[in-house]
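Input: structures, listed below.
One chain, chain A, links the two complexes that follow: it is found with chain B in the first and with chain C in the second.
Right after this comes the complex of A and B.
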């Protein structure tokens, strides 16, 4: 957490993360160039750059999309998630090199503006003159690049704060639209020119892995939501046994469709909204650090008693009425007004 | 699996419980990236040979023609053969109009070679190098007429195909081919027979006019009909009619 903004809040973790990204990308592009130079000597340098950057960006996007559900399934992968935006910006810059070289190579130096040519060079195909395989593929790549640019440009917390977490999150969820656009770009572009099975197979495999990881993460969350209320009394909903919430730890429970973060601190149970104000992270999967509920995604803190962030921060999450009856935790799923103080529910041994 | 320790990204160190699986995952991801890139590189279609002496200007001399397309005809006294070099500009354009205005003369100029096998092309260099030497002393032999044919093949732009870009066919290259044809690069038909043998048939109009093809058809298969002739090292169709077809 930080009060002011810096371009990057560098620490050792970030440096190592970025070095691993840079090393992997350089090695992967090097492998592509090396193998191509050996087996395909007549390919021009521009073509090699266009292809290497296209594939590096596409493969990196798969890794980016897999990190989220991977960290949801096993929180030991959270360090991969914490600096994911560095991976995203790297991927965008590689895609930008691909787009710039492609536009200049294929649409530049001619009798039309390259950007106009990009969308109109064979515009008659928009009317499906010769069928889907000839439909212009460039438009899908350009649309994906616009989305990736918006995401890269707003990846900093400055934009998160100024756009608001909901709009920011929606904008960044468009990565899935970008992914589908890129798949279309490849299916209608490169796959129409290459006869090898490698690219279609890898694309299909990538799609399957990304889909399966997301489904597995969604199933896990749904299972948690389905820990159904055993009884409802005075609008309180029974959510779990008090012993399920370990001292110093959080637990996500669901009450009437509302995800609530339970924390046990100094022998008392507290209930907060499960949605971190930063990026909507699962607060209940966090821990108590210095007396504060701490989000596992980026370490944002909230005091368990009233949901406010410790000074000088201003973020607040709502608290929920909570009680412990016969060793069972009961929560009322209507949130308290912001900053409502709760004494917590004493857990009797 | 819930670790005992807790990870906070803005702290300088990562708990060991998190560090190990994270490193394993990062290494696997890096290996996947490198292996996938290597595999995809190995699976690429092998681009055809071609030469583009980009930036290399050499003196050229021959007979300047605009029919069937702008070309420089050079006789080889040693073998008695005739080589036609298609003429183009420095980018995706035909040669300068002032240069072509001297068609019918022997010319000398600096040019950049583009070559794919027996298919030859020259980029016309700067105007300072142009020398017009008047009408040639001998006439060219007439082309050999092969009769009217209908041929099916991919519509290509000759500059990229001869070597300026490799590869220069198919969907990916289509936008570039459109720009080349639209800019005045001579079009051609790439005909591949059942045995896989490739022939390049230059497309021209009647009497030095451009071939009546829509540049947007570049990269598509077309049926082209017209009289075909062999002119030195080039095969030319005087295109009467063309239409795109499914492969």
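Right after this comes the complex of A and C.
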């Protein structure tokens, strides 16, 4: 949380994270260039750069797509979620280098505008020259690049605030569209000209890993969302035992499909929206710090009594009516009006 | 027609971005700091970072106001809605990606088998005497050898490419590069391998001795070159 915007809110962890990203990318690209140049000395430098950047960007996209479900499945992966934006921006820049070199190498030295040639050349001329089928795979790559640009350009808290969290989240969920477009770009492009089985095998393997992680995370989330309707009393829904919520910790529960973050603070249980106002992080997976519910993703704070952020911040999450009956926590899934103060539900031993 | 359409779209996009930069500068320097306190104290570097996005998304910035508070009625149901959208997106991907991968593999050009029909170049009966035999050893790994042949009167010329085994790419093509400054490459034909491929050269292509290049038509990977 910050009063004024900065380009990057640097801290030690972010520096380490970015150094690891930069080091890994340089190592991966360097290894690929070294192996390729040694194994195939007839490749031009531009071709090697095009392939190396394609591989690095696609690999980074898989890592980005895996971080979300991994963090849902095991909280030890949460540090990877922190700063995921930097991974996304890095991936966009690498993809941009790939696009620039590809356009320059294959379309930059003719008499047509390179961008016009990019979208029109292969479909007709390639087929006429070779008789082989060729698809306008560049369109898929270009569309993916546009999405990656929009995501990279809006990877700043300014955009979250000025677009609103819902629109911002929807915009960034377009990463799945980008993934699909990139797969089509590969399938209709490089996979058609290369006979090696390595490319389809690696693409399929990456898809399998990402899919299985998402499936596992979805199953876990679905279990969390299950609520016994019979337990609803006076619009209050029984969600868990009071003893399940440890002092100073949060717990995510579901009531009528709405996820609610329970916190136990000074012996009382409070209920807040589980959706952090920053990036929609799971507030209930955080803990109490200085009397505030603290989001595990980026440390945004909310007072447990009324859901407001401590001054000078303005963010607010809704609170929910909560009570403890016979050692069971019951929550009413309709949110209170914003800034409604709650005294919390006393947990009697 | 396609070129014209693409040109019009690109000009339209460039115009939109040009207008966007001007509007974004106005928004970031004048209007938005009045609506968003955090932008007031931000340095110029922050505004530079925000400029590309603002130049594209300026209609959204004009329409939206900073979301300091969440309307109470807006919050319930939003998170489940996003989760459902997330799940739907993945369900779609889970179906489409395997179909695309399998389809892509099926669409791949089939490699030529030894028992398959021979290309026209191989059926060509005439084999002219060698006038230039290029370095066979150099491309032994790729199994490629190149020769430029001619009859004794030098009326007819021919490029002969011998591919000892199937080439590692499906779209290998051969070009003849005439000698001289800024030569215009001459398309010869496909090279699939294994086999002997002979391509006739028109006399006009055969001034000084040129070179033959075999490369991937889509990626530009050079498989072999004889000069």
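Assume the second predicted complex is superposed on the first by the 334 of 349 C-alpha atoms of A that agree within 3 Å, B and C clash if a C-alpha of one lies under 4 Å from a C-alpha of the other, contacts with A are read in each partner's own complex, and residues count from 1 in each chain.
Throughout what follows, contacts are C-beta pairs under 8 Å (C-beta built on N, C-alpha and C of every residue); 3 or more make two chains touch, one makes a residue touch a chain.
Keep in mind that this is a model prediction, so the values were computed, not measured.
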{"item": "Fit-or-clash call for chain B and chain C when the two complexes are aligned on chain A", "value": "clash"}
{"item": "First, second, both or neither for A:158, with chain B first and chain C second", "value": "second"}
{"item": "Contacts of A:44 with chain B and chain C, given as first, second, both or neither", "value": "both"}
{"item": "First, second, both or neither for A:112, with chain B first and chain C second", "value": "both"}
{"item": "Which superposed partner A:173 touches (first chain B, second chain C, both, neither)", "value": "second"}
{"item": "First, second, both or neither for A:187, with chain B first and chain C second", "value": "second"}
{"item": "Chain B versus chain C as contact partner of A:255, first or second or both or neither", "value": "neither"}
{"item": "Chain B versus chain C as contact partner of A:196, first or second or both or neither", "value": "both"}
{"item": "Chain B versus chain C as contact partner of A:214, first or second or both or neither", "value": "second"}
{"item": "Partner chain(s) touched by A:20 [first = chain B, second = chain C, both, neither]", "value": "first"}
{"item": "Where chain A meets both chain C and chain B, residue numbers", "value": "2, 40, 42-44, 46-47, 105-106, 112, 122-124, 129-131, 133-134, 188-190, 192-196"}
{"item": "List of chain B residues in touch with chain A within their complex", "value": "1-3, 6-14, 17-19, 21-22, 25-26, 29-30, 32-50, 91-93, 165-167, 169-176, 178-180, 182-183, 216, 218-220, 244, 246"}
{"item": "Complex interface listing, chain A residues touching chain B", "value": "1-2, 9, 11-13, 20, 23-25, 27-29, 31-36, 39-40, 42-44, 46-47, 51-52, 55-56, 59-60, 63, 70, 74-80, 82-83, 105-107, 109-112, 117-118, 121-125, 129-131, 133-134, 137-138, 188-190, 192-199, 202, 286-287, 289, 294, 296, 298-299"}
{"item": "Interface residues, chain A side, partner chain C - complex", "value": "2-7, 40, 42-44, 46-47, 50, 105-106, 112-113, 115-116, 119-120, 122-124, 126, 129-134, 149-150, 153-154, 156-159, 161-167, 169-170, 173, 176-177, 179-180, 183-184, 187-196, 200, 203-204, 207, 211, 214, 218, 221, 257-259, 273-275, 277, 280, 314-318, 333-338"}
{"item": "Chain C - residues contacting chain A, complex", "value": "2-3, 6-7, 10, 32, 36-43, 45-46, 49-50, 52-53, 56-57, 60-61, 64, 66-70, 72, 74-80, 82-83, 85-87, 89-90, 92-94, 96-98, 100-101, 103-105, 107-109, 111, 166-171, 173, 187, 190, 216-225"}
